[in-house]
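Shared chain: chain A. Partners: chain B in the first complex, chain C in the second.
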Partner chain A sequence: MRSVYLKELTIYFSSPIFYVIACIFVCITGVFFYNSMVYVSLLTVRIAQYQVESGVNLSEILLGPIFADMSMLIVFIVPIISMRLYAEEQAQGTIELLFTYPVSDLKVLLAKYLAGMTILTCMLAITAVFMVLMLVVTSPDWGVVFTSYLGLLLMGGAILSLGIFASSLTKNQIVAAALTLGMVLCFWVVGWFAGVLPDTPTSGFLREISLVNHLSRFLKGILGVKDIVFYICFSVFFLSLSLRVLDSNRWRG
Partner chain B sequence: MARKLLYASSASLFVVILAAILVIVYFIASNHNVNWDLSRTGSNTLDARTGNVLRSLDFDVDITVFDKEGEEGRRAREILDLYVTESRRISYTVIDPDARPGVAGKYGVDRYGQAVLVGRQRQTLVDRVTEDSITNALLNLKRDSRKVLYFTTGHGERDISREDNQGFSQLGSALEKDDYEVHALVLMREQAIPQNADLVVVAGPVKSLLPEEQDIIRNYLGRGGRMLIALEPGPEAGLKGLLEEYGIALDAGIIVDRFNTMVGGDYTVPVVTTYGDAPGVKGFAYATLFPTSRSLMIREGLPDDLAVTWLARTSDQSWSESDYATLIDEGTATRDESERKGPLNVALLAEKKISEEIKASLLVFGDTDFCTNAYLNVSGNKDLVLGCIKMLLHAGHKITIDKKSAQDRPFILTPVQNSLMFWIPVIIIPALILCAAVATFRVRRRS
Partner chain C sequence: MITIENLTKVYGPKIAIADVSFQVNRGEVLGFLGPNGAGKTTTMKILTSFMPPTSGRVTVMGHDTVKDSILSRRFIGYLPENTPLYTDMRVKTFLKFVAGVKGVKKANVPSRIKKVIADFGLEEVKDAVIATLSKGFRQRVGLAQAMINDPPVLVLDEPTIGLDPRQIYEIRQLIKDLSGTRTIILSSHILPEVSQLCDRVAIINKGKIVAIDSPQSLKARLQDHTLIVIQVGSRQEEARKIVEKIEGVLSVSSSNSRFLNIETVKDRDLRPVMAEKIVEARIPLLEIVRKEMSLEEIFMELITEEAGAGA
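Let's look at the complex of A and B:
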């Protein structure tokens, strides 16, 4: 399993794909970060003008928007990370070779999943520099920073599992990425639909399966068992589906 | 072929069973959810007193929030989610009052953001979903008996059953919808105020109360009673002496405000936007209208056991006009030097310490019209009178939970910091990533 994991990491780090998406992700997050910092600075000027004595909730007006924007970027970035995991193997015909490895399909799958998660963690870790940079002017709420990163990782993991499932369905990496993006957006917008529907069991169900609704609590500094379990269940379901699809390659011939 | 079919069936079965197991796991996690609030302010955690109220709930409470799905609706959900997580007795739904006007009308909802709590076949209405309002509404439902209000009659007071413009029927209905019992009380038939009275209201008496009736009121207040008296310019209804005992003096004139008046109204309808610091009016955000009001004064040299605070007052451009006849006949008024200048009090609260634990409360309005059917729903009149009544009824029983707000130090970026915040995240770090990419490919090419 370790060898598959290292092989996947080597492929990521030796191909331009990681560097390109990491560069785009960090640069755009940097723009969001800068915008938020300037916004809070302008807000402070206004507060001073109106002589409001109370402080502000920086978690709400600074950290919240930055992490919410990062979550949107993850929706587009993770399908690119996941698209090659099985589609490339199928296109190059190395998938059969993979089946002959002295490790189970499950271990291969987990190795690929962990490699994808490592890439995502690396990208998020780079943005942690921004939080340190924030210390120059203010002290961010580290509890909210921690839960937000955890939420992004769990949500990213859920999207990655969806991406692996899509990648296992096709030989074409572009199709795999597009399929992942489509499915993720579906799980994203159901939350918005739930918002405009009246309170019924249907809207409740849509709210529960929405990827973004569970994230919102992490971004406020809440660590909820229900939200953690949702993302884990979501990942387990799509990883298991991927395993079934790979297994079906054997008996379909 | 049959083999393939068998494999496909077993794979499908596996997926269905797996989905079912995961749904069950999530369902259990949902129903036994535990939240840890890691934020510095703890603003996502319910107050310990709310926790105590929720743990002691022994009946189900269904909360219906009437709001548009949007920012406000989302906030209400976030707060109520905390209640649902803490207690399985609580459930809630959010309803768009425009989409379901029938339901909104049934509960007397007339504003976005209001919520109705229903439990033990009783209901109570709150104006906004905040931890403070919901917890106190739960406390209200938890009480075994409903609070009882008596409105005195027999002296020309406004009638809670009269539905015309001068009646108080809408105020009576609003109180009943808030889970209060409202009764009329013929004072001259009684020896004393009924024992179950939580509040006695004397609203706009025209004729004087008999000395015996005044004594009944005096005795009631003397044992820690709570009263609300609403007067009008002119008749003092024999209450002048009683009010003076409680540190309140009545001005004989009528309040005139030429600049802060209702559009289309005359000078005698002052618009009040300044409120005191008492719990019922602190932070009150609506304007209120007091048609033909008299001003109230706080007497000087009050004894230590008596405290009088102002609740609402008019603008500093108002004054107390004593030439009532000219004002009514000619519709004009000019201030004489002898007439008191604003700001003038239109509502005062007197609290007298009877013993260490007992306190009499007397709230006096200089106007009665503002809570008649004609004016109750104008601007914030209803909110003000209901807020004041609730303040009197729940004094000592109410939990005050201030919104936990972060007090982070805001900052202003200096030019150097501004450059730092732009260059490092947007240029330098992405450039370093690209450098790492170039270095990797060079190493690969060499190897």
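Let's look at the complex of A and C:
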């Protein structure tokens, strides 16, 4: 399992794909960070001018939008990380090597999942630089920073499992990425429907299966067991679906 | 070593292999010979646990390839058709990965890598990215990954396809060096290749094993004669004497009381002469058939392909 994990990482780091998406991710997050910083500085100046009793939590104003923006970027970037995981093997025929080596399909799947998570973690780790820079203006609420990162990772993991599922279905990486994005957006917009529908069990259900609704509490600094369990179950469900698909691919040869 | 029992694989309406059974012994080199689409690759894919059979069963060193698949896979080094490789990786990194997956002990990994790099002449390309390698080198890398854990069984699907004549010669030489104590199953549609490398040849056509024997006796069986079968009712002995006198008849035997099996020279059709002589003697001739040997047809097809390819 360790070998497969290392192999996936080697391929990620030896192809331009990681550098391109990490670069885009960090640059755009940087722009958002700059915007927030400018906004907050203006706000502080104003607070100072009018001598307002400062009930404003600067770090919340700063952090909230940054992490919300990052979550949106993750929605677009994780499908690009996950698209190659099985589609590439199926297109190149290397799946035949991998599936005849003495290692179980489950271990291969987990190794690939972990490799994807590692790539995501690397990208998120780079953005930690911004948190440190924030110290110049204000000390961020480290608790919120922690829960936000955790939330982003859990949501990223859920999207990654969707991506692996899509990747197991096809030989074509573009199709895999598009399919993942489509499914993620579906699991996103169901949350909006929940807001429009009258308060019935259906709307409650839609709200609960929405990928984004569960993130909002993390971004406020709340660690909800329900949210953590949701993301983990979501991942397990789609990973086990992928296993079924791969098994059926074997039968069909 | 390897036992295949009543193996059948069906893809939707298409039957890829039908009720195939045979055994391969330790140290034997078995060649699968057959035209494209005959079921060679399917058999190999089942043997290596890439796909499960529809029915029947395969055991490698006593381990079932479906129920005990992880164990049976340990004993097999597999080179799939067209040599799929992780083209983004460097040769050495790739071999290290394969050694790890195949469970080579950590302490032995560097020495095993060194060994296969030396054995397969990969010294000059060991740090190259696989995508930049020529087809011949890729084939060597493919063999190297199959051999990294020194498995007792090697399964090679079309190991020389798409190579130039010199590379074909080199790869054949490498395979020859690997045989000995190791069991090797290789597939090919080139007759000379198989007869050069293999102790035994299984000829597959349309999902069935047509013949399985040593290359020499297969050739002998094929190239010497044409078989004609006649049925003459009760006066078999008289007919036999007449037929034996015809020029070109090599031997006559009766498989049972009703049929005479007549081996004749290959290049002439003796049926008209035979019929004439028998009828002349007023023996009722019930049937005269030239036995179509599917084996021969396949061989012809294979020989022509080799000639056509110019290799």
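The criterion applied here is as follows: the second predicted complex is superposed on the first by the 250 of 253 C-alpha atoms of A that agree within 3 Å, B and C clash if a C-alpha of one lies under 4 Å from a C-alpha of the other, contacts with A are read in each partner's own complex, and residues count from 1 in each chain.
Just so we're on the same page, a contact is a pair of C-beta atoms (placed from the backbone, for glycine too) under 8 Å apart; a residue touches a chain by one contact, two chains touch by 3 or more.
This structure is a prediction, so every number in the text was calculated from the model and none was measured.
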item	value
Which of chain B and chain C A:2 touches, first, second, both or neither	second
Chain B versus chain C as contact partner of A:224, first or second or both or neither	first
Touched partner set for A:104, first chain B, second chain C, both or neither	second
First, second, both or neither for A:182, with chain B first and chain C second	neither
Which of chain B and chain C A:10 touches, first, second, both or neither	second
Touching partner for A:96 - first (chain B), second (chain C), both, neither	second
Touching partner for A:33 - first (chain B), second (chain C), both, neither	first
Footprint overlap on chain A, comparing chain B with chain C	14, 251-252
Chain B contact footprint on chain A (complex, rising order)	13-14, 16, 19-20, 22-23, 26-27, 29-31, 33-34, 37-38, 40-41, 43-45, 47-48, 54-60, 126, 129-130, 133, 136-139, 141-144, 146-147, 195-196, 198-199, 208, 217, 220-226, 229-230, 233, 236-237, 240-241, 244, 247-248, 251-252
For the chain B and chain A complex, residues of the former touching the latter	3-4, 7-8, 11, 14-15, 18-19, 22-23, 25-26, 29-30, 32-41, 43-44, 69, 74, 78, 85, 93-96, 99-100, 405-413, 417-418, 420-422, 424-426, 429-430, 433-434, 436-437, 440-441, 444
Complex contact set, residues of chain A against chain C	2-4, 6-7, 10-11, 14-15, 92-97, 99-104, 250-253
Touch list for chain C against partner chain A, complex	9, 11, 42, 45, 48-52, 70-71, 73-74, 76, 78, 80, 82, 84-89, 93, 97-103, 129, 145
